[in-house]
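Please find the structures below.
Same chain, two partners: chain A is paired with chain B first, then with chain C.
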Partner chain A sequence: MHLDPFELHRPSTVEETMALARRYSGSFDYLAGGTDLLPNYKMHLNLRPHLIALEDVQELRGHSVDRVGAMTRLGDLERDAAFLRAYPAIAEALREVATPLVRATGTVGGNLFLETRCFFFNQSYFWRQSLGFCLKAEGDRCHVVPQKEKCYATFSGDLAPALMVLDAEAEIHGPDGARRVPVTDLYDARGDGIQRTHLAPGELLVAVHFPTAARARRSAYLKLRVRPSFDFPELGVAASAIFDGETPTELAVAAGGLETYPRRFDDLTQSLVGSPLTDERILDVATRIRGAVRPVHNTFLAPDYRKKMAGVFVRRALTRVREGTAA
Partner chain B sequence: MDPVSTEPKLRLLGGRIPYIEGPLKVSGRAEYTDDIKRPGMLVGRLLRSPHAHARIVSIDVTEARQIPGVHAILTGEKYPTQFGVLPITHDETAIAVEKVRYIGDIVAAVAARDEPTAERALAAVRIVYEPLPEYTDPHVSAEKVASPIHSRGLNGTNIQKEVIQHFGDVDAAVASAAHVVRVRGRFAGVTHAFTEPLVTIAESTPDGRLTVWSATQVPHYLHRALSEVLGIPMHRIRVIKPEVGGGFGGKSDPLPHEIACAALALETGRPVKMLFDREDVFLTNHGRHPTENDVRIATDADGRILAYDIEALIDGGAWSSFGTVTTYYNGVLSMGPYRVPNFRYRGRRVYTNKPPSGAMRAHGGTNIRYSIETAIDELAERLNMDPFDLRERNALPPNSTTVNQFRITSTSFVKCLHAARERSGWDGKHRRLPYGRGIGLGCGFYISGSNSPIHFTPKMPQCTVHLKVDMDGGIAVHSMQADIGQGSNTLMAAIVAEVVGVELDRVHVVRVDSDVSPIDIGSYSSRVTFMMGNATRKAGEAMREQLLHAAALLTGYPTERLEVGLERISVKHRPEVGVSYLEALHKAMERTGALLATGSYTSPPMGGDFKGARAGTAPAYSFGAYVAEVDVDVETGEYRVPKVWAAFDCGRALNRLAVEGQIEGSIHMGLGQVMGESMNYRGSRLLNPALLEYKIPMPQQMPEVECLLVGDADPEGPFGAKEAGEGPLIAILPAVGNALYDALGVRFTDLPITPDRVVRGIEQRTAAHRSWKGA
Partner chain C sequence: MSDPRILRLRLNGQPLEVSVPPERILLDLLREELNLTGTKRGCDLGTCGCCTVLIDGRPTLSCLTLAHLVAGREITTIEGVTPATGLNPVQKAFVELGATQCGFCTPGFVMTAGALLREHPHPTRQQIADAVSGNLCRCTGYSKILDAITAASRGP
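Now for the complex of A and B:
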């Protein structure tokens, strides 16, 4: 397997990046850590002739408890003790991403905008050609849900659910200027495995910001996978809450690894705010979230099992948050 | 009995000998095939079939050939001679002829100046296929089919091989039995996943010779296949085996790409390298067969085994490979470690339109053993007997003959049982750990070298070793025995050093090269330590004799008064009278120059007088008893195996470091088949041809392993040794399965046991087991 040639651009400011994005509109990818993009390129998945490398873009660098630049390497963040203490869910999610080697290169922005994954997409050109190309790359059908005309590739980033339950905000720059949006609203619930975010063409994540209140949250992240390292999540659940005694005044649950986008279940967890977090209430919400999620068979473990485990993991994550125990 | 009492005191053997090539490997200096660069070398690539089963209507390479930088394109018709590892089932060609049989079958080969050019050429090959019905279900393949995958299938079916055996009277035994337990198992296919991908370099030179470097376990069988298919006499072909990064059976067939690469070299007159990527390796497969088996075991009221009644349906994929052997082994490798007085077996291996299955570590002895050990565990429960006691009651005695006439010489199986029981604290744990935690026992039995060489004409030894010493005192060892990482070079050197009486660093193992290496038939069937070890010992003794004669001339004492020490030959009981190794050597060289010595091994005649009687016969057998503990999350079905006690009888362990490494590696590999490894298909299509979605266990999943090497010396093994390469894998699978039963009260008959299956098993537990251990 070889990498086809592409033209590499190395801007050093957001402004230069935006100029390149305008010039090569529709024919480039942003290159962050490359741990996901380049293997996909080797498989000839949606190649673009231009790569805009973000490594030297000043505004995307640096990390503190309040702000994490999009190009922060996961491994660097993993060694930021103050940051990890502030956000247990992120600490737990970080430790479970891929392997130490991948985390040394992979970035926060790359993980948030990780390409969705599917048994029928993450395959060699030969493999996909022999079956018939799918919607997500060069084709016109879905091999997972053949009767549908949308893509069911699964969102497999670990960080997004953790950031969602901490009310993190994304700082986005685009050809038309900058904006801030909650991480929860980055992802498109009405989209699919191809159109999965609300980013406009050329828009770029510059940094993630944390509100002060995020530090008051107890939080946890639990990941289901076949092996204790290397594997993408078959399910990832994050939960957080602020307590007044035994009563949550704020509470959030989010999950990834199940559908085409990670999502927060505010409508289903509302009932937990304002009254003591009992086992019964937790179980009730866990059951409702389990009923709401729609995994499909495009990862290693069967969807009915992942759905069942969504209930178990939500319950465990909320229980952990209640007990205040760290992993 | 002291296991070493039958042998003189040994200096090196029996200790812990680091691999002699270790420093080269860990520093990146060892030379593997891909490290070799030849002047003007081209890139070879293969075009693979996108169809599982189709007739090739036409192939047009005109356009591809015109692409600048393309040196040759070959299709199947140029070398249509069929080959295969077994002489009786030659059904493969280097490149597909007339039809393709699985997604990934090779339809064309190209040699080009670089990889992108080669790929452009392959994309420009125009092929018209006429799709044929696909056969992916082994049950369908076992019936009469419209378009058989091969013409050689049995009576219009896709059955490649059927074995029917009956010894004693199984029906009568079952009728008289107090207990009959039946276990039906289903096993997903698994593959070797060796580290070094398949890779071959071939070069044809103007002197009329062809040289092939290849990552292979069987250089001699490759040598034969190249000669047969390419039509070149063997003496004009030179096969070289550089360092090999693991094989596990996946490099134990002559493979089509090796021949295609050589054909491209002949076509171009240039060196051609063919390096596989991981998907190529998965599609070449030859891994463990997907299998369904059905095992019935009958015992009397005291738990004595009366009969085995076994059926197996084995999914062979597109080619025969070792399949005939596989079909026998799924039956006959159940003849130990217990005494089985009545035995019936029906095994069928069928072709399907999937990547070919073949030999994989503990070939033919793994899946059937899982089912048998599961049944034995179930019998113990019904008999209300401890699983150790039941097994001990049925242990095959040493120096006995099985009902199918296997010759059992040494067995330390009972010692294995005792060691594993004692060290694991079994009696305090079995059925006494809390719900969700469990302990289980599994046992194993394997051949220590197939008694039947695959090629037996002309009749010749299975292994020959040559030694050469010149005045510098260094000993060059030549043999085609193939070290693929298991430490056989180290063992060969250590035996020479031990027997000749020199420091280990005097011994140089010369790279396998058919121009100079005498034949050994390869690294498979766990034969190398036993056969190469005996041959090397004989060669060493022949060399030692020459040195002793020289020392006799120098000292004036007859040879029987002399003894060989380290780098010195001296008079017995008078150590001050003697000569150094070099003095003896130089004296010995006065007449002939450099000294030569040779040793060989041929296994003794054995086996019964019936069809298939030789299958499974071996000069010795290994035995094992493993205990595993499991810790299950009963809600998610995830589990860990924190500790394994591995009692193994490899006779006398000659390099304990290597044996322990084999046991630990085997446990890792066996755990993979239990915990998650599975070649997942949708129809004929392999869904996970990559190491991300093919779930080899991670280091964090490895248990702590306590190796208990309790074997007594084998009477025929070199210095009392038997195999430790494949047998160590077998017992871990049922040990974990039975531990899960102890933890949960659920029998898992199918592999792999993934967390979703654990949850389903708990949910579907029978009423009798619903309150297992207070759950």
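Now for the complex of A and C:
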């Protein structure tokens, strides 16, 4: 499949990137590893005339236990033993992203901002034209939840939930300067499902930062997918906690692969902090999270099943965090 | 087509200079312009591994790589790891142990396996299975592929 023509830009600093972002405002995409963007371009999904390649941007490189540059290849992070030891949930999530071949190219930044997925969207132009286009590309209606206002495509990145439960922060640069946002607050739960993040036009992820306390957390990530390789998450649950004896002093659960955005369930998990983490308490919170999530029928597995499994995975992830056992 | 630009890289050990438009995908450059058709186009979307080439020694999907983004790098295709006469040890093991049937996936597996054996000369079966988990084969059922890579790691 040949791609439609575009101009390719290769800035080497964040400043040059911002200048390009201003000049081509509204008519470009950032290109990191391209493992998400290029398949979509091949299917003629929302093409832009300019691609700004982040490959050479110095500030986006490098990884350590404290900071991971946005252009860090997943396959390189996977070989950083100190990093994997520090954050078991990320280690487990990384191993399950796509395949080693995709991870050789795919980056951390691209993983946080990958396009949401839906089986009416991830199709060829011909296929989509035959059915009638949808809200997310060229059309004006949704085939999954029939209405014309909101897209329900599924957020299918594996790293976001793991980063959320570790209190990771995103370093964002935009045409108007730099800011830091918790990864948990990057995603827009109230939007139309098409503008899905709180990034303003032109804003760029430079790096992800970890607070020192993140290393004190025990953590785990569990992924539901059809084949043990290749497949996107049909559900991904991350959990973390810091214990004083049997009592968590900090605890977090987050999930992706279920809705338009990944989210952390602080309102539902608060009751677990400050008293011993018993099976009954875990089950209670797992049941409430299952009740709160709203998957729709736009991925391979049925939404009812994914919802049930969300409860099961929350229970398993918290139990693993409590026992301190790795996968 | 947008304006072609000069692209310089090393391909199978030789310097290469070609004029390529910005949107050209590496796989298309290899197969359609350089006639290196050993690298196969399966899905063209990252879901089969047939198009695997080495970029600076690392197995990479050429169907998801823009040609211009590998400027200055060393690209190795299946042609580049096949001796002028005969086959390399991984290829030989594939033939001898029946790890190739229709053969369409074989170049991809050979590239991935070669890179694995350079990084881990004596991999466990699990390490092999993990390493090739991005390469699909619709014929062999994988056992013989794992056998062949194991055999290649043990030497003749």
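Here is the rule we go by: the second predicted complex is superposed on the first by the 324 of 327 C-alpha atoms of A that agree within 3 Å, B and C clash if a C-alpha of one lies under 4 Å from a C-alpha of the other, contacts with A are read in each partner's own complex, and residues count from 1 in each chain.
Methods note: a residue touches a chain if its C-beta (ideal position, glycine included) is under 8 Å from a C-beta of that chain, and two chains touch if they have at least 3 such contacts.
The shown structure was predicted, so the numbers you read here are calculated from the model rather than taken from an experiment.
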TODO: Return first, second, both or neither, reflecting whether A:M309 touches chain B, chain C, both chains, or no partner chain.
DONE: first
Open item on the list: After the superposition on A, what does A:R48 contact: first (chain B), second (chain C), both or neither?
Closed with: neither
- [ ] Could you look at A:A104 and tell me whether it touches chain B, chain C, both or neither (first, second, both, neither)?
- [x] second
Task: Partner chain(s) touched by A:F300 [first = chain B, second = chain C, both, neither] - done: first
Open item on the list: If we overlay the two complexes on their shared chain A, which of chain B and chain C does A:K150 touch? Say first, second, both or neither.
Closed with: neither
Open item on the list: Per the contact definition in the header, classify A:S124: touching chain B only (first), chain C only (second), both, or neither.
Closed with: first
Open item on the list: Looking at A:R281, would you say it contacts chain B, chain C, both, or neither? Reply first, second, both or neither.
Closed with: neither
- [ ] Using the touch definition from the top, say if A:S229 reaches chain B (first), chain C (second), both or neither.
- [x] both
- [ ] Have a look at where A:H198 lands relative to chain B and chain C in the superposition and call it first, second, both or neither.
- [x] neither
- [ ] Please identify the positions on chain A that touch both chain B and chain C, taking each partner from its own complex.
- [x] 1-2, 4, 228-230
TODO: Enumerate the contact residues on chain A facing chain C in the complex.
DONE: 1-8, 31, 33-35, 38-39, 42, 51, 53, 55, 75, 98-102, 104-105, 228-230
Open item on the list: Which stretch or stretches of chain C touch chain A in the complex?
Closed with: 1-2, 21-25, 28, 44-47, 49, 52, 58-61, 64-66, 68-69, 112, 130-131, 133-136
Open item on the list: If we count contacts the way the header does, which residues on chain A are in touch with chain B in the complex?
Closed with: 1-2, 4, 119, 122-124, 126-127, 129-131, 224, 226-232, 300-302, 304-305, 308-309, 312
Task: Contacting residues of chain B [partner chain A, same complex] - done: 48-51, 103, 115-116, 119, 277, 279, 635-636, 676, 680, 685, 687-689, 692-693, 695, 697-698, 700-701, 754-756, 759
